[in-house]
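Both of the next two complexes hold chain A, though its partner changes from chain B to chain C.
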Partner chain A sequence: MPGQIQDSAVASIPRPRESAFAIGLRRILRTPSSRVALVILATIILVGLLAPFIAPYDPAAQPDIVGLKSLAPSLAHPFGTDPYSRDVLSRVIYGARLSLAIGLLATLVSLTLGVAYGAIAGYAGGVADAVMMRVLDAFLAIPRLLLLLGILVGGPQLSIGALILFLGLTGWFGLSRIVRGQVLALKHAEFVTAAQALGASRRRILVRHLLPNLVSPIVVAATVGVAHVIVLEAGLSYLGIGVPQPLASWGNIIYDGADQGADLWWMSLFPGLFMVLTVMTLNILGEALRDAYDRR
Partner chain B sequence: MLRYLARRLAQAAIIVAFVAAISFLLIHLAPGDPFTAVMDNPNVSESVRQTLRAQYGFDKPLPEQFARYVGSLARGDLGWSFSHDRPVLDVLATVLPNTLLLMGVALVGSFSLGILIALIQVARRGSATDHALSGVTLLLFSMPDFWFAILALLAFTYWFPIFPVGGAVDPVMHEYMGLGARIGDRLHHLTLPALTLAVLAAGAVARFQRAALLDVLPADYIRTARLKGLTEREILRRHALRNALLPTISLIGLSFPALLTGAFFIEKIFAWPGMGLAVVNAIGTRDYPLVVGGVIIGSIMVTLGSLLADILYAWADPRLRGR
Partner chain C sequence: MTPSPPLLSIRDLKTYFYTEAGVARAADGVSFDIGAGETVGIVGESGCGKSVTALSILRLIQPPGRIEPGSRIEFEGRDIVTLGDEEIRDIRGNRISMIFQEPMSALNPVFTVGDQVAEVARVHAGMSKKDAWDRAVEMLALTGIPDAGERAKQYPHQLSGGMRQRVLIAMALMMKPALVIADEPTTALDVTIQAQILELLVDLQKKIGTSILMITHDLGVIAETTSRVIVMYAGEIVEQAAVDELFTRPHHPYTEGLMHSMPHIGHDQERLNVIPGTVPAPTDWPKGCRFRERCPYSWDLCEREHPPLYQVGAGHVSRCHLAIEPERRGSPHTPLVVEEGVAAA
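Let's look at the complex of A and B:
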């Protein structure tokens, strides 16, 4: 688009400062599908944030384990109840809070590691880069779910914090490779040479000159990354080694109804719907952001 | 071509070696050792645990343990499965063919379906059909495997009982069937899990293939074909698709991790007796050697898959074939 200077090669030319976030947001708001996605996602986030005020019941309370267990959806319990007589709607609402928080925090861990590792490998080059990339190849060859199984099955039931940490620790390999490629491509750009000529240290060049040019791939990776973690956490919880009871996460709720899937269909259906909606809106936004940044 | 093959093989070997190192780390970073998790049982005395540790060499210094570990891996020894009371390799080797069958059928199905969807979309690009199909593929792409599989199971075995609930064969009658009936029985059991996995994976393939097709459409040879007076359908099929299929070959390699992960959930939900079901059950019994064995075999499968895809690519691309 003429007149809009966004190319990294001219990033050193003074221009009105507008953050990459603002650019991304402004551009994706032009397409109707991402506007809808943004509204839906914002609603789900709001539901998660306001969970204590919205949820009709205490998500962990088991008011009557005999009389109120495994009830089909009704007016009193729109999403039904589970085999412990807990209200599924309240658990789904609190699940939104937990699943989103885990997705966000684990992705933060992944971003930090992935950007650091990729930037160092790309900037160092040579043997260090080659070795670091081979290690990355090996990690990429292990499917993330399997890697997590290997980590999680050996130990005792993990706390939420440890779960987030491990989800983050296993999610940075792909991003790292993207960052490394970008750094490699920009390393010899003129604005880097100029900074070097001015006597800037390697660290300053990396942090002040190279990283700002990586914001767009990072934002895209983060958006899609949160979606990945949500699905992964749900999968692990479904296998019984994710979020510990009595906390509610979307995968956890499905796990609670899993062995009576046909009779307790509401326990699979509703949390899954919320999950798909969240993941889909995140993917729509991720794709829209990619398009927005790609447009030169 | 040969030199490329050799280099690519060496790369794969290095990856597998690293995977072995990572799996060793996994075993040793896990809190305690494999025996704390397995032997939580208070009836097992500390002295028995010590003996077991010594037997398995867990009291030796780490480098020595690593050397022993790599040595036994090289001999194909993946350890002892506690829950099956058999060597891990035995357990996995028995069920691996089922997983390969499931993944193979799903792979072919997902690429056929995905490419077909992409062709329909590109033939009517910009139309309502195109947009609707884009929505469908995005939905499939965003779908958690296990949830989709649960819904498929509920829909086609309970609400509309078209397919059997689980397993690879009929547990009672299969023994007494003739050859034709046996094959029919297997197909009847295979269809729903394989179709579920294929549909799940088709979303990503369709999105990728659509983009690849749209990428080649502005090329000069497409314009030439159009000037020759070929119909749009012929152009798509004979010129655009041929060139746009090339990147899809590398997608085969890339899709292996997702396919394998999907197979794990689908095997659990449809009780399909493959590697995924064995490993998922091993989670419940805390059979750690079997889980790590599954991680190693799964990673080797992924590495081999991407190796095969690369070889296929080099063979299919005339520009690379000569090298």
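Let's look at the complex of A and C:
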């Protein structure tokens, strides 16, 4: 705690108000690797957002199922075509949109559940906490992919909405552990006692005093969480139980070429590349954010 | 000497902590009054029960601690011990507020100080965001923060220690409470700032007319701010008197020891005088007089009988058997404890 030598107006330089998000962003931009990651991720997001304007073809159109099927990359089709004669570049571009959206929305579901569950367990403490944590242990013991397979295999083909919901429902256990730990550590902080001494209710203390202090671990967990969901979705789509046709996601593009493996190399290389880039950049940014907040 | 009826009246307050090592009787039968507008000090070493007493008044004791049945804390005609959650919340920060020792950790690091001061008015007066903010800035200015409008937009880590303590004072006085409990309000501050903060407290007290309960281990703070002093030792009140009386005629050997352990400017001292030994464990208070083993005057009576609070002067009570055998003060002996040579840190 510097600046305590004198109690005067010059003890510290006034700075404009900054949100935790702005502080995080400013700090991660200092490292070159995260700058590059941010640019790549922003580009992929932009590609997804602008898909209808930049995709050269309709991603679902099958113009000539005989003459244009399974073509290697060429000028007309830079990423080649799939066995149904669809343009792979267009499908990868639309796939960016869908894969990112699924990642984001499913993570939002996980965040809401994980924060609520963890915060309540940590703040309640005692028996409630113990019971809630044992339930969580049970869920954590089952690998997420296995849990999803158990839910999805054999059932009817799910809509995108239901898929997002299930991805979200299976993704909050770890986060809620983190939140619970933080709440537990903070609930005896002096500023919590001080808030109590000023007459704040338990709910107000939890929502207004404790949760805002958890923004940084939550942001970090969310960033990495999105990457995780993207990989999971690809895995499920690859198994044919993810995103339904004719919609394109990175996972189901690879699935479309899977049975002919190495012959249709472009069908796994390009969507795979996009996926790896997205996941890598998200992880780099997640780690950079963790460092940025840790320094405080 | 207390104006009647008192604002706060504590009777036989027992706050016990049920730990694995046993029952810690942190406050063990504490009784005192605070009159309207009065400043009362509680002084004692760490672990004597002064902070627990303060937290009990706001019912902020966390499990495994609890206020024992039979304890009474009457404030403005109501018994705080038996109030419902809603009612006690309405008193906290509104009628009784508290200033904490460490201004950095008592402020929430992720909110501006203005937000935190304003929140008090939003909780208790249901003010709009805008009105509460204006009121907060006004209050911050009143505590002597220059350029309060701009300062209010800053975060705790951007302020100096003294500034932060002013913010806490602003929060505590926001609702013009009847009683402010100040728990070591200057301990974490530089000496020069300490004086400023004490002056500010006394000044604001006059303006607002609030009572103050000053908790400290520092007799200097007591001398400067309070009119009446309570000395606590091992969970009990051992002496109580008007401040002048206590400083000129301390009765309890513990009070005497506290005064002797204050360094004096102008006296050549090889080393500081210390009271030998340490405060006993609160799970295991000694029988008889709890200060007996550290006392230079103790005799067999002190082991047999727990001393009551003897009246030793006008408004002056002391929990020491010397009140009935004053001649023993003339022949001190070596205390029973082996001196551990702990100098004042």
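Methods note: the second predicted complex is superposed on the first by the 278 of 296 C-alpha atoms of A that agree within 3 Å, B and C clash if a C-alpha of one lies under 4 Å from a C-alpha of the other, contacts with A are read in each partner's own complex, and residues count from 1 in each chain.
Heads up, the rule we're going with is that contacts are C-beta pairs under 8 Å (C-beta built on N, C-alpha and C of every residue); 3 or more make two chains touch, one makes a residue touch a chain.
Bear in mind the structure is a predicted one, so any value in this text is a computation, not a measurement.
Visitor: Of the partners chain B and chain C, which touch A:150 in the superposed model: first, second, both, neither?
Guide: first
Visitor: After superposition on the shared chain, which partner residues are touched by A:262: those of chain B (first), chain C (second), both, or neither?
Guide: first
Visitor: Could you say whether A:198 touches chain B, chain C, both of them, or neither, answering first, second, both or neither?
Guide: Second partner only, chain C.
Visitor: Touching A:240 in the superposition: chain B (first), chain C (second), both, neither?
Guide: After superposing on A, A:240 lies in contact with chain B but is clear of chain C.
Visitor: Which holds for A:68: it touches chain B only (first), chain C only (second), both, or neither?
Guide: Neither: A:68 stays clear of chain B and chain C.
Visitor: A:178 in the overlay: touching chain B, chain C, both, or neither? Say first, second, both or neither.
Guide: neither
Visitor: Check the residue A:284 against both partner chains and state whether it touches chain B (first), chain C (second), both, or neither.
Guide: After superposing on A, A:284 lies in contact with chain B but is clear of chain C.
Visitor: Residues on chain A in contact with chain B in one complex and with chain C in the other?
Guide: Common to the two interfaces on chain A: nothing.
Visitor: Which of the residues in chain C come into contact with chain A in the complex?
Guide: So the residues of chain C touching chain A come out as 58, 60, 62, 89-94, 97-98, 100, 102, 104-112, 119-120, 123-124, 146-147, 150-151, 153-154, 157-163, 168, 171, 190, 192-193, 196.
Visitor: Please name which positions on chain B make contact with chain A in the complex.
Guide: Against chain A, the touching part of chain B is residues 11, 14-16, 18-19, 21-23, 26-27, 29-32, 34, 37, 138-139, 141-147, 150-151, 153-154, 158, 257-258, 260-261, 264-265, 268, 279-280, 282-284, 286, 288, 291-292, 294-295, 298-299, 302-303, 306.
Visitor: Which residues of chain A touch chain C in their complex?
Guide: Residues 1, 3-9, 11-12, 14-17, 20, 188-191, 193-201, 204, 208-209, 212-213, 215.
Visitor: Which bits of chain A are touching chain B when the two form their complex?
Guide: Within the complex, chain A touches chain B at residues 134-135, 137-139, 141-147, 149-151, 153-156, 227, 231, 234-235, 238-241, 254, 258, 261-262, 265, 268-269, 272, 275-276, 279-280, 283-284.
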